[in-house]
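Below, subunit A partners subunit B and then partners subunit C, in two separate complexes.
== the complex of A and B ==
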C-alpha cells in the first residue's frame, strides 16, 4: 500500500474494480449468502435426480392403484392414466432438469402431478402454515422451558431436582419423539381417554373456516395441542442438557466470581453474566432448529393425522408426485439453509468477539 | 487454642480497619476435611500494606477469599473478622446476604490473579463499571462515568477508548489495570490483591507494580498483597506475613523479615530467589513439597522439610512469639536461625566487597 501511494498517488482515492470486488466478496455476510445460494442449487439438483431414481413413477403408482382397487386390466389402466396426466417421461432427463430450473427461477414450481391443475406453491401455501404453527409453538415452548430449567439445574447441581430432570432430559433426547407420540396416543388417548384422539385428527374440525374468529383460533389450538405437547416435552430435553453443561462451564469462569466479589445482585449475575454467556452456544442451535421446523414433523404429523407440510410430504413420496416432492424438499432445504445463515449472522451479532475477528 | 502474647495483642488492636481472629477454614471433601487455614490472627493498620507470602497451597488465597466470603460452598470458615470504618464495626462472618453484598467492593475490594478472564466478554467495560456502581446504589450515570474516566486515567489508560471497549480488545496488562481501576471505583477501605502480577509478562508486571506503588503512596488504601513473589512483596509491602500449611509462621516489618528472617521457611523462600549480586551457589530450594492438607504432619508442620528440626519440632507446634520489635516467628529454633542468618549476611557482605 505504501509503495503504491508513492508511485501512483491517485490510485488511493479510487479503488480498482478488482479491489472493490475483493472487498465485496470478502464481506462476512456476502460470503455467507453466496455459500447459501450455492448450497441451495446443489441440493435442488440432487433432489431432482434422486427422486427420479426412486423405484416407480407417478403413473406406475397410479396404475398399480387402479389395478388393485378396481381390478382393471393393465393396458386399460395405463390408457386411463396417460389421459389423466399430461407428462412426458420420455423427454431426456437433462432437458427436464433445464425446464425445471428455468421455471424455478421464475418462481414457478409447476403443477402437482397427481392433483392436476393445482400449483405446487398453492399446496405448500395451504399446508405449511399449520406445520409452522404447531412445530414452531412446540419449539418456542421447549426452548424457553429447556433453557430456564437447564440454568436452574446448573445452579442446583447435584441436587435431587437436578438428578430427576437430568434423567428426564436424557430419556427425552435418546428416545425418538415419535415413540413418545405413540405412547401419548395409546396410553393417554386410547386407554385413559384423556383427550378425544379421533376428534383431534386434522388441523380443523369440519365446517370451520379459517379467519380471525375465536371459534377458529380455539379449534386450531384444540387440534394442534397434543402434537405441540409432544414437540415440547420431547424437544425440551436437548435444550436442558445443553444449557446445563454450558451454564456449568460459565459458572466456573472468573468473571462470575468477580461479579460476586463486586457485590452485584444475584439476579443481575444470573441474567447478564451467567445466562447471557451460557446461552451463546445455544442460539446457534436454536437457529438451526428453526430450520428443521418444516422437516421435523413428518412422522408426528402422520401419527396424529395432522395435515401439515410433513404429512403432505409423506403422501407425495408414497404417490411419487415428483413436482410436489421437489417443491416440499426445496422448502426444507431453503429453511435449513436460511436458518444456518441466520445462525451465523445472529451469532456474530450477539458475540462481540466474532464480530471483530471477521473484520480483519 | 492457647492464648498467647501475639493473639492477645491482635485482639487488643481495636482500631484496626480489619482484624482477623483465630480464622480457620476447612473444605469438606470426600476424603475428609481439608484444613486450609488454621488459627490465623492478623490486624491491619490503617493505610498499611501487608504482603501474604507462601508457596502454592499455603492457604493464602483461601484466606483472601475468606475475608470477602467468596469461598466455595463446601468451605467452612470459623473465627472472627472484624471490619471497622468511621467508628462503626461489623462482624463480616455474621453479615446477612444483602449486607454482605454491600460490603463487598464498597468496603473491601478484591483484585484477582486472572485478569484475562475477569470481565464478562459480552459487555463493554463501561457497562461492567456501571453494573458495579448500580449494584451499590449509584444512580447518577454521569458522575460514575466521570469517576471511572478519572480512575482509568489514573491507571494510565486511554480512558475514552478503554471505557467503550470490549474486554477482548484489551491486552492482559490493560485488563489488569482496568480491574484495579474498577476496584477503586467505590472507594473501599481495604483492597485485597491476589497475585496481581502473576499472569503478566515482565514489563507489564513492572507497570502494574509502579501503579500499585502510586496507589499506595497517593491514595492511602489499606492493602493486602497475596503473592509468592518475594521481590514484589518487598517492593510494595510495609509488613510481610509468611504462611505455611495454612498458618502464619512469621510476621514482621518488610526490612526485618528480609534481612533477618527468623523462621527457617522464610529463610528458605529468600534463599530460593536469585539476587543480581549473588552467585548461583547461594541459591537453594526448600527440599520436599508443601504438606498434605489431609494428613498434616504432627508438631510444627514444617519440620519434615526443615534443616533445624529436632525431636521437639515433630511433637509440639510452636506459636508466634516476639523475636524483636513488631516481629514474630513461630519456631522453636529461631535463635539458631538468627545465628545462621547472621553468618550468611556476613558472607554476602564479604562477597559484595
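== the complex of A and C ==
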C-alpha cells in the first residue's frame, strides 16, 4: 500500500512546461480572453490609423482649420492639436502609436476639442448612463416579451394568434426601427396628441438635477418613455421569431413527448421543459445584443433629441470634435468585444458541450 | 427555309414563356412571397419607367402648401406646394441603385471568400474567419458615422461601395457554414475523385447548390444597405442632392413634421415607400427559396 502511494506522484506529476502551456492555451475561457485582447488591440490600432493617417484625416483637418480660421502659424496649430489629441507630432509614427496605446491603457482618451479642458472620458461618463438606461430598459422589455410570445407562438403553431404575431414580427424585423419611431411620433405625438413631444425632448426637463429624488426619477422616466416604447416594440420582433424557431426545434425532442405521455400538465411542460431548453441559445444572443446597446441608438436618439452616447457621437461628427468622436467610437467597440467575450463564456457555462467541441 | 426559321423562333419563344410561367407558378406556392415579388416589380417599374411619364414637380406654389390628396396631387403637396407623388416616383431610383451596388459587392465578397474558407480550410480558413470576426465586432452604423466625418460621401455609388465593403461578414459566415456541410456530401467527393479542380468544384458544384442562401443573403445585404443609407441621409451625413426617399424623409422631418399636423402626407409618403420596399424584399425571399431549392416545394 505504502509503495503505491509513493510511486503514484512520480508517474503522474511533472508535466513538462510544454504540456502545461498547451493545457493552459487549450482552455476554452483562456482562448476566448486571448481572442478578445487581440481584437481590442486590432481595433485600437485600426482607429489610430483611421484618425491619423488617412488623407484628409481629422488631425490634418483640425490643423488646417486653425490656420485658416484663426490665422495661427502652422507650428502653433500643430502644438495645439498635439495637446488635444495627447500626441507628440515630432516623434516618429511608431512612438506616437506607443504613446497612444499607453494613454489608452491609463484610460486617457485626450481632451475634447470643443470644450477645452474637458477630458473625453468625462463627457462619455456624463452621457453614457442615459443610453444604458433607455436602450437597456428597451432591450430587457423586448427580450422578455419576445421570448414569452415566441414560446406561445410555437406552442400554438398555425393558430390565428401565431399568424398575427408572425406578421407583426416580420414587419418589425424588416422595416427600419427609425421609421417606426417616426410613425409613433407623427401619429401618436402630432396627430393624436397622446404625449407632448416638444416637452419630452432631452433626457431631463430644464432645472432638474440628477439625484435620488422622486421628481428626478419621474422626470427621467417621462423623457425616456417614448424612446423605450419604440426600442421595445421594434426589438421584440427579432426575439419572437428566434424564440419561436428555437422552441419548435425543442418541441420535437423525445423528452417532450415522454413528459406528455407521463401526463404532465401543459403549463409545466411549457415552462420547465420546453421554455428552459429553448431559451438557451437566445441568452448568448442577448449577451451580444447588450454589446450593441451602447451603439445601436444613434438615429433614434437624434430623432427624440435624447442626449445619450449615440447622440453625442453624432454631434461630435457634426461639430468636428474628433477627439470626442474617437473616444466614443473606441468605447462602443470595446463594449461589443466585452459582450462577445461574455456571450462565449456564458454559452460554454450553459452548454458544456461547447467547451469540448472545438478543442483541437 | 424562312418558315422553318420562324418556327424555331416561335418554338424558342414558347419555351421561354413556358419557363417563365413555371417560375411564376412556383412562386405562387407561397402567397406572401408572391405578393412581395409583385410589390418589388411594381416599385421597380414605378421608379425606373414612371419618371418617363410623370414629370418631377419643382414649382413652388405658395397657395398650395401641405394640400391633402386630390385628383391633381395624388399624395398631396409638400412644404413648398410641390406634388409629393412625383417626388415618390423620382425618388426610388437612387435608393434601389445604392442597395443593389452594396448588395452585389457584399455578396461577391461573402460568397467568394466564404466558399473558399469553408472548402479549403486550414490556414486560409483561420485567417478569413479571424478577419470576419474582427469586422463583425466593429459596430457598423457608428463606424459609418465616423467615416462620414473623415471621407466625404459625395456620390450615391461611392456610398454604395462603402456600404457593400462593410456589410459582408454575416453573409460570409452563413456561406461558410453551408460550404462546410456541402463539402461532406457524396457528389463533392465524386467531383474530387474525378480531379475536377478547386475552381470547378467551387463555382460549378458548391455555389449552384447554395443559390437560395446566396439570394437570401443578397436581399438581406440590400435591406441592410438601404437601412444605413436612409439613416445616414436622415442624420444629414450622406449625399444631399437630387430627389430620393431618404432626402424626402429628412426634409419632411426637419421642415416641421413635428409642428404641422397637415404635413402628415409629406412625411408618411417616403416612410411608407421605404417600409414597403424593405418588407417586400424580405418577403420575396420566401418565393425565391422555392425556385432555387426544389426540396422545399413539396412542403408548400
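Following the convention adopted for this analysis, the second predicted complex is superposed on the first by the 293 of 360 C-alpha atoms of A that agree within 3 Å, B and C clash if a C-alpha of one lies under 4 Å from a C-alpha of the other, contacts with A are read in each partner's own complex, and residues count from 1 in each chain.
To be clear about the criterion, contacts are C-beta pairs under 8 Å (C-beta built on N, C-alpha and C of every residue); 3 or more make two chains touch, one makes a residue touch a chain.
What you see is a predicted model; the values in this text were computed from it and never measured.
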item	value
First (subunit B), second (subunit C), both or neither touched by A:186	second
First, second, both or neither for A:170, with subunit B first and subunit C second	second
Which superposed partner A:72 touches (first subunit B, second subunit C, both, neither)	neither
First, second, both or neither for A:104, with subunit B first and subunit C second	neither
Touching partner for A:140 - first (subunit B), second (subunit C), both, neither	neither
Partner chain in contact with A:257 - subunit B first, subunit C second, else both or neither	first
Partner chain in contact with A:302 - subunit B first, subunit C second, else both or neither	second
Of subunit C and subunit B, partner touching more subunit A residues	C
Which superposed partner A:39 touches (first subunit B, second subunit C, both, neither)	second
Residues on subunit C engaged by subunit A in the complex (per definition of touch)	133-134, 137-139, 141-143, 145-146, 148-151, 223, 226-227, 230-231, 234-237, 249, 253, 257-259, 261, 264, 267-268, 271, 274-275, 278-279, 281-283
Contact set on subunit A toward subunit B in their complex	253-255, 257-265, 268, 272-273, 276-277, 280, 350-353, 356
Partner subunit A, residues of subunit B touching it in the complex	68, 70, 101-106, 109-110, 112, 114, 117-123, 131-132, 135-136, 166, 168-169, 179, 182
Of all residues in subunit A, those that touch subunit C in their complex	35, 39, 42-43, 46, 50-51, 54, 56-58, 170-171, 173-176, 178-179, 182-183, 185-186, 189-191, 197-198, 292, 295-296, 298-299, 302-303, 310, 313-314, 317-318, 320, 322, 325, 328-329, 332-333, 336-337, 340
